[in-house]
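Just below sit the structures, each encoded as structure tokens.
Two complexes are shown next, each including chain A; its partner changes from chain B in the first to chain C in the second.
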Partner chain A sequence: MINRRLGRLALVAGVATAFSMSAFAQNTVRIGGLATLDGPFVVLGQEAFRAMELAFEEANYTAGGRKIEWIKESSDGRPDVALTKARKLIEQDKVDILIGPMSGGEGLAVKEYAKQVPNKTFVNGFSAAQETTLVSPAPNFFRFSTDGAQWQAGLGTYAYDVKGYRNVAVVSGDYSFGYTQVLGFMSEFCAKGGKVIEKIWVPNGTKDFSSSIARIPAKADAVYVMLGGADAVNFLTQYDQSGATQPLIAGSNVVDQTVLSAKGPFQRRLVGTPSAHMVADEIDTQAYRDYVAQYKKRFPNGLSSPSAPYYGYYVATKAVLAALNQVGGDVGGDQAKFRQALANVKLDTAYGPVRLDENRQAIANIYVTEVARRADGSLYNRPLKVIPNVNQTLGQPKDAFVARGVPSRDNPSCP
Partner chain B sequence: MQAQRWIVSTLFLAALGAYPHFVPDFWIVSVGAYAIVLGIIALSLTFLAAYGGMISLAQMAIAGAAGYALAIFSLHSASGEVAVLPWPWAVAVAMIVGTGAGLLIGIVAVRSQGIYMLMSTLAIAMILFYLAQQNTTLLHGFDGFRGVAVPSVGGKSLRDPMLFYYLCLACGVLVYGLVIYLVHAPFGLVIQGVRDDPRRMASLGYRVAWHQVAAYGVAGFIAAVGGVLALWYHGGISPGSIGMTATVSVLIAAVIGGLGHPRGAFIGALTYVLIQTFAVDLVGNERFNTLIGLVFLVIVMMSPDGLTGLWRRIRGDQTGSGGVVVTPRQ
Partner chain C sequence: MKLLLLATMNGVTLAALYFIVASGFTLIFGMMRVVNLAHGSLYLIGAYIGYDVASVTGYWFLALFGGAIGAALVGVAMQYFVLDRYQGQDLRQALVTIGLSLIAADLLLARYGGMTYQFEVPEFLYGSVPMPIVGGYPTFRLALIVFAIALYVGLWLLVQRTRFGIIIRAGVDDRQMLGAVGINLTRVSTLVFALGSALVGVAGVVGSSALSIAPGEDARYLLSSLVVVIVGGMGSIPGAAIGALLVGLAEQIGLAYFPTYSVVISFVIMVAVLAWRPYGLLGRPA
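Right, the complex of A and B next:
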């Protein structure tokens, strides 16, 4: 009896060890991809993996003379899960480089983990929390996409100068990405002399916005909205139904293609709404047309145009490949050579040049846009103005910018 | 038979103790330690179900309450340079909060039974989830706590893979021992009596409700142990850690393992963690939930008392090995 049980125990142990030993193969560079194929960001996750797939195919799955092995993992948008999956990729699948994750909270969790494994390199996918690279950054965490505050560069000035708004009310999701975007908008708008007379914070997943809409002061010239996905659609629908007349200013997620593609009478509200993001639609350059054509050819079942997360993961993968080519695929030891190369990568993308600052955070172009209608009735973000080379401190001296503290409900404030 | 059981238990413990010396870090922490942490939280549910006949869906929320309490009093990314309390005190506060939450939830929950108790505890769990998500002053809202400092003992961080595994193992063995001890003690016999026939126990002079509340308190204590370890494992906590998905995963782990015996909690947790970790290698990223759902279905249909029950059935052992099969209450 005991012998039989011991035998089974030994068998289990043997299988377990075999499992853990299987993850060794030499002469390939192992790259992990972490995105969200579960939870609220499924569409974004699909876009992320499309981007990585295309970038690897373009390189024929080789870089610096070595084969690339691509291992995918999926999170559901929760920081805990992203962390568990990042651990699995690094410790079990033995990836040399990890590209991801998708959302802000996940990014902060993975950045903290990066500090525990200093010999591996992490390249951000699409997460855009400001703190990730601004406050106690990890030396092996790189971000080739801009953060949520950078995305709003130019919007405050546009709202003040061109639209002539002086008093604005804010309706925003009550979490770090919301605070970050509001800070990005307000830092310019308030510096110009504009006033944010009321801030209304709503929890993520809110269905009924009637009380929030009722709180918007009558003397507000416009309403700045920063909500994502279904929340944005719900708010816009109810705002439209409420008969409110104040024009909108949109955070980056509000005019995301996932919201613009949603059908409903609220669409008419959105036409003409200004916003800003690291991406825009229908830019009149050859590089952009090629970028879109390539996407449409490879992914006929994809979105109507490549999305922002697609761009984030695409740039990250391209940067990794460029650095690998430069060091001949050398990711052994502590990867110092590879990281040195990665820090100096300069990319020319469809949206303009991208380079990193000393915190390994991207400096790139931002597009001020306005929602417009195509001939076929669909909505898109028409670029109005390019703000070139926006850095993380939005052009302000770093010490002064950091001294103002992390964005929160009450920071910044200009009532 | 008794001696044989002792030998098997000792060998099994020795194997668990030796385990981290033969496997890489990932298997020590992300599989081994994490399965134990999840197992401890599932154990609090199994304890209530197996011996009290009560199914509580609030156990993850209770673990979360303990985790949040510990996070508030620890160093984290938004705190000052100095922690509010030295860590042993902070852990003590967390344990008190967890146990207290268990007792309070018990007071509400024991007024109903069966499906109604399940719903009321689920409601309480969701209330705590929304509280955590909407309170920005103390609980940091949607973002929760990040970068929570894990204490060091003798210059070595408790988060060191070996140390953390042994810490979890020790906690797991202790709470498992606590449950086994309790169910043989007079208190445990009373709650089993209450499970089988509350009216008869009442007529014998026992205060039925208070014993059930006390059982909830014990379960709260066990969940709090899991909550503290989970906070250190993740290095942070956010409303997502105690939301619907997390609540259900504890229930799934407990049911897969079997609600009949405390060991089912750990077997179920290990199975759950293995599926969660390796589903991607078997069926691809998008199909994890399908796979865990199928496994759940198969187990529930083949063996309503989970993997532990299945094991007993394979051995043809109808009497059970000390475990109690839950019978529905009237």
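Right, the complex of A and C next:
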């Protein structure tokens, strides 16, 4: 018994030694990946790690002449869990660079933590809350993906000019990402002269939307919906069953592949619904076709096409690798050289060029899309229009944009 | 006026669904004093099995049977192999059912993934029925009320008018005495567990047709069942009906008039009821 216990102890000690040796090996760069393999965003988390894996494989796990060591950690979408895991990656696993997290609230928490460890570099994965980089940004937090308000660029104009909607009712999840997206939609739609006559905020996790649907005013020309995952599926089904006839305008999550791939009679209600996002399907460029082909080849069990979180993590990882190559893998000291290089990285992606502004926030293309049906019956987002180089203030002067305050239930308002 | 009427109807239809889910829970508790915290998992199992049956056969009605039989088998296995060993040990039973629910949730996630599933209900149940004042109302939700009332009457007849019902009622009052007069308790328990599980399996199919199936629904329905049964009184079928009505109406009227606080309302009701009648509206001390 004692022998066995001793043996086990020796084994543990051995593993620990090997582990710490690799941890302090001088020729590796340690990169942490933080995404959600627990909780409601499991599918998104899988996509995130696929993206990082592929990006590292393309670089043969080396950058700037040094080997890359990749350490994965999973959150469940809650800010406190993301924070704990980020601390673990930085403080125990001693990563030099952290790529993540996934969701809006997590991003805010990790950004605040980044301020406490100024010698490490944080690159956002997919979280898209506006405040993360707009209000008191951390100097070592970079975001190569656009935020929730940017994603709606062009949608308000399209709804007003092309669809001819004047009065719109909003049904949205009652949380920061919902406010951000509604702001993105309204800033253009209201500027055009459109009216948002009613905003219906629904607590997250609501499954029975029938009473929210009952509140939609009859004089609304269309309904703007911003809900995610199963909530979106439930809303769409109940909306369809209620006999409502008003057309829909969709926030980015409503037409996400996780919703479009769900089967059910609600699908027919979605076809023709306009939306906007940093990604779209079936774009007619070689770069896009290569991007999809590569995804399908490497991940035959993946989704029908690469998703938005996949793109977010892929771009982030690519940017890190590009900057590492530039500085010869030098991430010692306070990483000033590396960060300088990272801030100046310009990428050409399948969805167009990406660069950063002075807050280290991405400026990139946004696609206005429409849900369409493929020959095989599956749904996808057909690109209608590209809005080039959308910045975080949606083309408005920064001071005026920031002065209007962070998005909330009542901001903006144009009843 | 229209909004109030719609919210009320929504509340009643949601109550119908909550009742269908909670009736099995309260039946099992009443007979065996088992707080089955894996009740939500049985809901999800019934829903997923029903979905498989419907997609293979193409018949929604078969999904109801599939869900019921599937959930009943799992429920009986749970009772026979696990819960029966901890007869009379409330805390252990509660803990072991939590454990089972965690295992079931992960197994279902592995098998069905994180996607949202939905049933194709028969054409005559889909769409909306024209109605005065409110304009139209979803047919399926109206069918839910009919189904819940039929279930209530059926359960009432079973409990009040049959020999099996007499045994169940006797078991609620004094389990040991029931055993002493020569009733095979294990057999009765298994039967009750099968019935309760079948009910929640059917509820899984019905509920998922009205809403949808996704991971996490198990916890949601477990919570709603707990609130409904605690408000109505543990072990009482009429109590479950009253509890379901209260909670369903509060949720929907809350969602229509003060959505930000709608989540809190059902718990406020629960606290108020517990303060006033600790055993629930129609419950009796154990």
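One rule holds in what follows: the second predicted complex is superposed on the first by the 392 of 415 C-alpha atoms of A that agree within 3 Å, B and C clash if a C-alpha of one lies under 4 Å from a C-alpha of the other, contacts with A are read in each partner's own complex, and residues count from 1 in each chain.
Keep this in mind: a contact is a pair of C-beta atoms (placed from the backbone, for glycine too) under 8 Å apart; a residue touches a chain by one contact, two chains touch by 3 or more.
Everything quoted here is computed from the prediction, not taken from an experiment.
By the document's definition of touching, neither partner reaches A:162: not chain B, not chain C.
In the superposition on chain A, A:287 makes contact with neither chain B nor chain C. By the touch criterion stated above, A:79 is placed in contact with chain B alone, chain C being left untouched. In the superposition on chain A, A:40 contacts chain C only, with no contact to chain B. Once the two complexes are overlaid on the shared chain, A:174 sits against chain B and chain C alike.
Judged by the touch definition given at the top, the superposed model places A:88 against chain B, while chain C stays out of reach. Once the two complexes are laid over each other on the shared chain, residue contacts for A:271 go to neither chain B nor chain C.
Between chain B and chain C, the partner in contact with more residues of chain A is B. Contact with both chain B and chain C is seen for A:203 once the two complexes are overlaid on the shared chain.
Legend: residue contacts after superposition of the two complexes on their common chain; A:238 is shown touching chain C, with no touch to chain B.
The contact surfaces that chain B and chain C form on chain A in the two complexes overlap at residues 174, 201, 203.
By the touch rule above, chain A contacts chain C in their complex via residues 40, 42-43, 174, 200-203, 205-208, 210-212, 214-215, 229-230, 233-234, 237-238, 241-243, 258-259, 261-266. Those residues of chain B whose C-beta lies close enough to touch chain A in the complex are 4, 7-8, 11-12, 15, 22-27, 29-30, 34, 77-78, 130, 133-134, 136, 141-144, 146-147, 234-236, 238, 240-241, 245, 276-278, 280, 285-286, 288-289. For chain A in complex with chain B, the touching residues are 1-2, 5-6, 9, 13, 16-17, 19-20, 37-38, 72-74, 76-81, 83-84, 87-88, 91-92, 105, 108-109, 112-113, 131, 135-136, 173-176, 201, 203-204, 406, 409.
Across the complex, chain C meets chain A through its residues 2-3, 6-7, 10-11, 13-14, 109, 113-121, 126-128, 135-141, 211-212, 214-217, 220, 251-253, 255-256, 259-260, 262-263.
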